[in-house]
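Look at the two complexes coming up: subunit A is in both, with subunit B in one and subunit C in the other.
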Partner chain A sequence: MIFSPLLLILLPLGTAFLIPLVDLFHVETRRLMVIISASFSLFLGFAALWSAWPELLAGTFFHSYHLSGWLPPLGINLAFDSLGLLFSSLVTLFSFLIIVYSIGFIGHHEGKYYVLLFLFQAGCQGIVMTGDIFNLYVFIELSAITSYALIAFERDRSSLEATIKYMVYGILAGVFIFLGIIIIYRSLGTLNIAEIADNFHRIPLTLQRTSVVFLLTGLLIKLGVFPFHFWMAKVYGSAPASISALLSGTLAKVNIYILLRLFWVGTGFSVLREAGWDRFLLGIALLSTILGHVLALREREVKRMLAFSSMGHMGMIVAVLSLNTPLGLFAGLLHAVFHALMKTGLFLSAGYFLRFREGPKEKRFTGAAYRKLPIFIGFIIFALSMIGIPPLNGFFSKWFTMQAFLEKDVYPAIALIYSGNILGLIYYLPFVRQGMLGKESIMKQKSTSSPTPGFFYQERFVTTVVYILILLVMSSGLLPFVFQEPFEVMIAELTEPIRYIEHVLGGIIHE
Partner chain B sequence: MKVFLTAIILAFTGGALFVNLGSIPDSFLLSHTASRFYREAVVTETGALNTVSAILYDFRAFDSLGESTVIFATVSGIVLLLSRKTLPVSSAGLSLIVKRTFGILTPFVFLLSVYIILHGHLSPGGGFQGGVLLAVITIIFCIIYGSSFDLSRYPPQRKTLIETTGALLFLGVGIIGIALTGSFLGNPSAWRGVPGTLPSAGSIVPINLGVGLKVGAGLAIIFYSMIQKTLKRQ
Partner chain C sequence: MIYSMCFMLFLVGLYGVLIKRNIIKIILSVGIMGYAINLFLILIAYQEGSDFPILTPAETSKAMVDPLPQALVLTSIVIELSTTALLVALAIKIYQRYHTFDIRKIRRLRG
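Entry: the complex of A and B
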């Protein structure tokens, strides 16, 4: 690495602190600053990936940073390994795309919106980099609180309702995670994830399981897996499209990262397996897959439909990860990356059309094809990729998922995923049809609600982002094998947590 | 029936928790824990007499940066949700006696909050606690003198300015730490001074000040955004 990974957290954080200050003096400068800062953090993300690539392939990539200069058990440390690098790159890429999209999409209260968006980015980067479990909790709360405010951004009845619902579930999840952390700290006396991983077996078995139950429950609420899925449709349906895309594309993937970091590295997967909870996890995740696809069938509102589809796919990722085989982990990570691309694209292209019409949400999608055909074709491409049509990327991740289930002889899972695909075809088609109804005159340019539209408020930004996503979905479908080598390194890290422990604690005297 | 069922589930969960948490070991299972080090070496390593402050702003300063950022995010969120296009409405305030009494008291409230913030490394308190007291001044202004008084003497723009100054001060001290000690938020030993005196404990004092400004102005903004809506024009 040519620079410290800390910069990826500090840049969005500093930008968020500066925005209100600059906003007091000159609004246009703030707009410019948002673009510059977003581009610069994208550049940093690319530079990190570029400079780490050789080490990543060699399997030696690890970057440690000791904050305040204290070595791990005493202070907080950043432990940036290849898994963290993957998710950090995802966060950087999608934050950049959504900030650019928002420049053309959000017309009012921009100052506060970007403050919250940059803080959200800083929180997500912190989650994927930190090597300290309490610091992890602080960043989880940071990303949660910013997302509450962003969901309520429209301030109408339904979005406020959604926020309260999400807030109750989010706080509940936070409390559960916090309780799990307290139990671990009270038993061991350390907050460092590597040290916890090294000594977790010394905790009495009942306490091990209690803390795992708390952490797992909190994370499953955040992921929206089956018994805790109630908030998803409401939240994704009422938030602005850019925020729904951010929640489903980025935050959900960051939660997958926390799941991997805590249960594969932190506690060791054997705790789950010996209690038989990996089968339980597999069961509820599969239930959530099929339930998500079935519930999506009856939705007539495009964003709510996407929310349920998201629930189905997140369930599939959790299910295939819980197999804990190299192939299963590979398929899970691959689908996490590809699903982020596809779902962000779907939300952003749908959001572009929903902006033009007032009236009942069910009818806002009518006439989309006549408004802007390329974006509508993009929507169809994303949908096809979701269903798993071969040349697109969704096919490959589902292919590997099926293979992983076949390898472990979990045949019901294959049946469920197949039926999920067919259901997907059924629930995407009505929206394609609806988009082709009507005429162009139905979707007129709505007058902007922005007091000062300015230079940057242009439709071009919105469409460009969707085109970039189409390009990414198609190109990653053509070369999915780029991911194979780096993912194998990450899988090795997950299955042998001792490497993480040695990287963090190596050379530091401990028992 | 529903209540009955809930009670049974709650009792069952509570009982299970009670049994399980009973097996928490009496002392930490690891012998070389951070907390033991903090107890033994906090004065020599950081120069602060107040161990809590030393942990918050030196050993785990990054957590405090995150926590004060959570407050910053909350303030931004609440201002976003409560912002109105109309100007703030005003109340006339309370009677003359109350106004004159608080005219004498308010400077001392300010003094106390500054004292608590600046003595964070010596005595109980620090940036978060002093900042909350600082926010009380806006509440006094709004309730006793009326919110138009608060608007004219302590306008929202100035609150935002103070809040971001605090946030940037925290970040700035961290970056100075990179320059002087080589790590973000490092406590430069050149600033450590004599333990027990006011200018000591290195970067803990400026960080306390930054957190105090951030929290004080932030909570003032929250209160101000809320009162704007609830009071009627008279």
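Entry: the complex of A and C
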């Protein structure tokens, strides 16, 4: 790689702390700085991916950075492997899209908003790069605390309520993860993920299982899988649409990364399997799939419906990952990427209609097609992709998911996912119908789309982002096999954690 | 013995978070839970009769306590401080809107 991976964390972190300073002097400069910084971090992300591509295909991609020069088992290190690269690219791409979307979307208290957004990006980048488990916890908390503040950003009643609820769950999740980490430190005396992976089997069995239970509970709360799904609809429904998209598109995928990093590499999957917890995980994930789709049926508000559908899809990803077969991991990673694209698109296109129209939230979607037809067609395309119509990308990830379940003879799972698809068709249709009816409500739309007209508050930013997402969904549907080779490398790294250990700890011998 | 007391403190906090209906009491319970964890972290570093972990030129013969958890606890306290501050700020906002701290009443008011 041509630059240090540390730069991907430092750039958003630095921008976040510069914004309030620049904001004091000149507001227009700050707006320009936000755009430049976001574009530059997108450029860095692309440069990282571009320069790493040959190494990635060869299976030798690994970069580490030792903070203040301390070598791995002693100091904090960044361990940037192929799985980290995938999720880091996702974080970079979606942060950029959402920052550009927000330029035309937010329109009040922007200074604070971008500080939080850049800090969130830094936190997510940190999670996917760090090789130190306590550092992982710190970055989890960084992204969590900024997301609490972002959800409460509208400051109205429902968002305050949602934030209190989400915060209590989030703090509980953080506490459980921290307890798990402390127990591991107590037994091994190390915080380095590679060294933990190397020595985890030496811990007494009860302590192994206690730490795994704490870590898993914390992560399941964060993922919103079945017994802990209460916060999702409320949070996604009342946060600004850009933030709902960020939570469901980026933060949820980062949590999937933590799940993979901790339980496939850190502790080794055998701990889960020997205790029979992989079956348990499969069970609750499948339950959350069907429950999410069923609960989405009765929602009349578009963002709450999307939240429940998100819960269904996250359940499906966790279920197919917990099979721990190469095909299952492939399907899970593919669906994580594609679901991020589709769901971000859905939230952003729905948010466009909710933002630029007046009236109660349930009514604002009426007559959407007459407000802006291309965006509405985009919404339909994302919905079709979500249901899994062949030329679009959702079809392929579901296809591989079905195959993975067939391979392991888990027939109930196939029935559940198939019925989830049909339910998806049923709960997206009323919204499409609602959007096409009600021509008379066009009269009630807001006179100006933006609070203060000007270059930086234009609807065009919002619509461009949605068009880009439509393009990405359609093109990734046409070329799903681009992902095949790099994903196989990642899966090999996940199934043989020894490679990660050698990459991180082997560096001591060479240097 | 002291570990189990630490665990009991944690359970008190967990009970408060899950059962109490007053936002202020929930915030205090979150604090208690955090203290229990910090105490646990300090406890696992402690060894009977060992010295503080600073190298002095005079004597280095005694065993020292593990310094790493003490560094971790500082970070954890800072994280807790920021979450508590945010929670309290939210509680103030909620009180301004609803004039109550009771979660059940807040739900009913919204309808």
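The rule is short, and it goes like this: the second predicted complex is superposed on the first by the 494 of 511 C-alpha atoms of A that agree within 3 Å, B and C clash if a C-alpha of one lies under 4 Å from a C-alpha of the other, contacts with A are read in each partner's own complex, and residues count from 1 in each chain.
What we mean here is this: contacts are C-beta pairs under 8 Å (C-beta built on N, C-alpha and C of every residue); 3 or more make two chains touch, one makes a residue touch a chain.
Quick caveat, the model's predicted, so the values are computed rather than measured.
Q: So, on subunit A, is it clash or fit between subunit B and subunit C?
A: Overlaying the two complexes on subunit A (C-alpha atoms) leaves subunit C and subunit B fitting together cleanly.
Q: Given Cα centres, how many degrees, to the nearest 10, is the angle at subunit A formed with subunit B and subunit C?
A: Roughly 30 degrees separate the directions to subunit B and subunit C.
Q: Is A:Gly14 touching anything from subunit B or subunit C once the two structures are fitted on A? First, second, both or neither.
A: Only subunit B is touched by A:Gly14; subunit C is not.
Q: Which partner does A:Gly276 contact after superposing on A: first (subunit B), second (subunit C), both, neither?
A: neither
Q: Quick one: is A:Ile145 in contact with subunit B, with subunit C, with both, or with neither? Answer first, second, both or neither.
A: It touches subunit B and subunit C both.
Q: With both complexes superposed on chain A, which partner does A:Arg186 reach: first (subunit B), second (subunit C), both or neither?
A: In the superposition, A:Arg186 contacts both subunit B and subunit C.
Q: Of the partners subunit B and subunit C, which touch A:Arg155 in the superposed model: first, second, both, neither?
A: In the superposition, A:Arg155 touches subunit B and subunit C alike.
Q: State whether A:Pro73 touches subunit B only (first), subunit C only (second), both chains, or neither.
A: Touch partner of A:Pro73: subunit B, not subunit C.
Q: Looking at the overlay, does A:Arg202 come into contact with subunit B only (first), subunit C only (second), both, or neither?
A: The first partner, subunit B, only.
Q: When both complexes are superposed, which of subunit B and subunit C contacts more residues belonging to subunit A?
A: B
Q: For A:Phe134, is the partner it touches subunit B (first), subunit C (second), both, or none of the two (neither)?
A: So A:Phe134 meets both subunit B and subunit C here.
Q: Kindly classify A:Leu172 by the partners it touches after superposition: subunit B alone (first), subunit C alone (second), both, or neither?
A: The second partner, subunit C, only.
Q: Taking the superposed arrangement, what is the smallest distance in Å from a C-alpha atom of subunit B to one of subunit C?
A: 5
Q: Just to be sure I follow: which residues of subunit A are touched by subunit B in one complex and then by subunit C in the other one?
A: In subunit A, residues 134, 138, 141, 145, 148-149, 152, 155, 186, 189, 191 are touched by subunit B and also by subunit C.
Q: Using the touch definition up top, name the residues of subunit A that touch subunit C in the complex.
A: Residues of subunit A touching subunit C: 134, 138, 141, 145, 148-149, 152, 155, 157-158, 160-161, 163-164, 167-168, 171-172, 174-175, 178-179, 182, 185-186, 189, 191.
Q: Spell out the part of subunit A that touches subunit B in their complex, as residue ranges.
A: The touching residues are 6, 10, 13-14, 16-18, 20-21, 24, 65-70, 73-76, 109, 112-113, 115-116, 119, 122, 126, 134-135, 138-139, 141-142, 145-146, 148-149, 152-153, 155, 183, 186-191, 195, 199, 202-204, 206-207, 209-210, 510-511.
Q: Per the contact definition, I'd like the list of subunit C residues that touch subunit A in the complex.
A: 14, 17, 23, 26, 30, 33-34, 37, 40-41, 44, 66, 68-69, 72, 75-76, 79, 82-83, 86-87, 90-91, 93-94, 97-98, 103, 106-107, 110
Q: Which stretch or stretches of subunit B touch subunit A in the complex?
A: For this pair, the touching residues of subunit B are 17, 19-21, 23-25, 28-35, 37-38, 58-63, 65-67, 69-70, 72-74, 76-81, 83, 157, 160-161, 163-165, 167-168, 171, 174, 177, 181-187.
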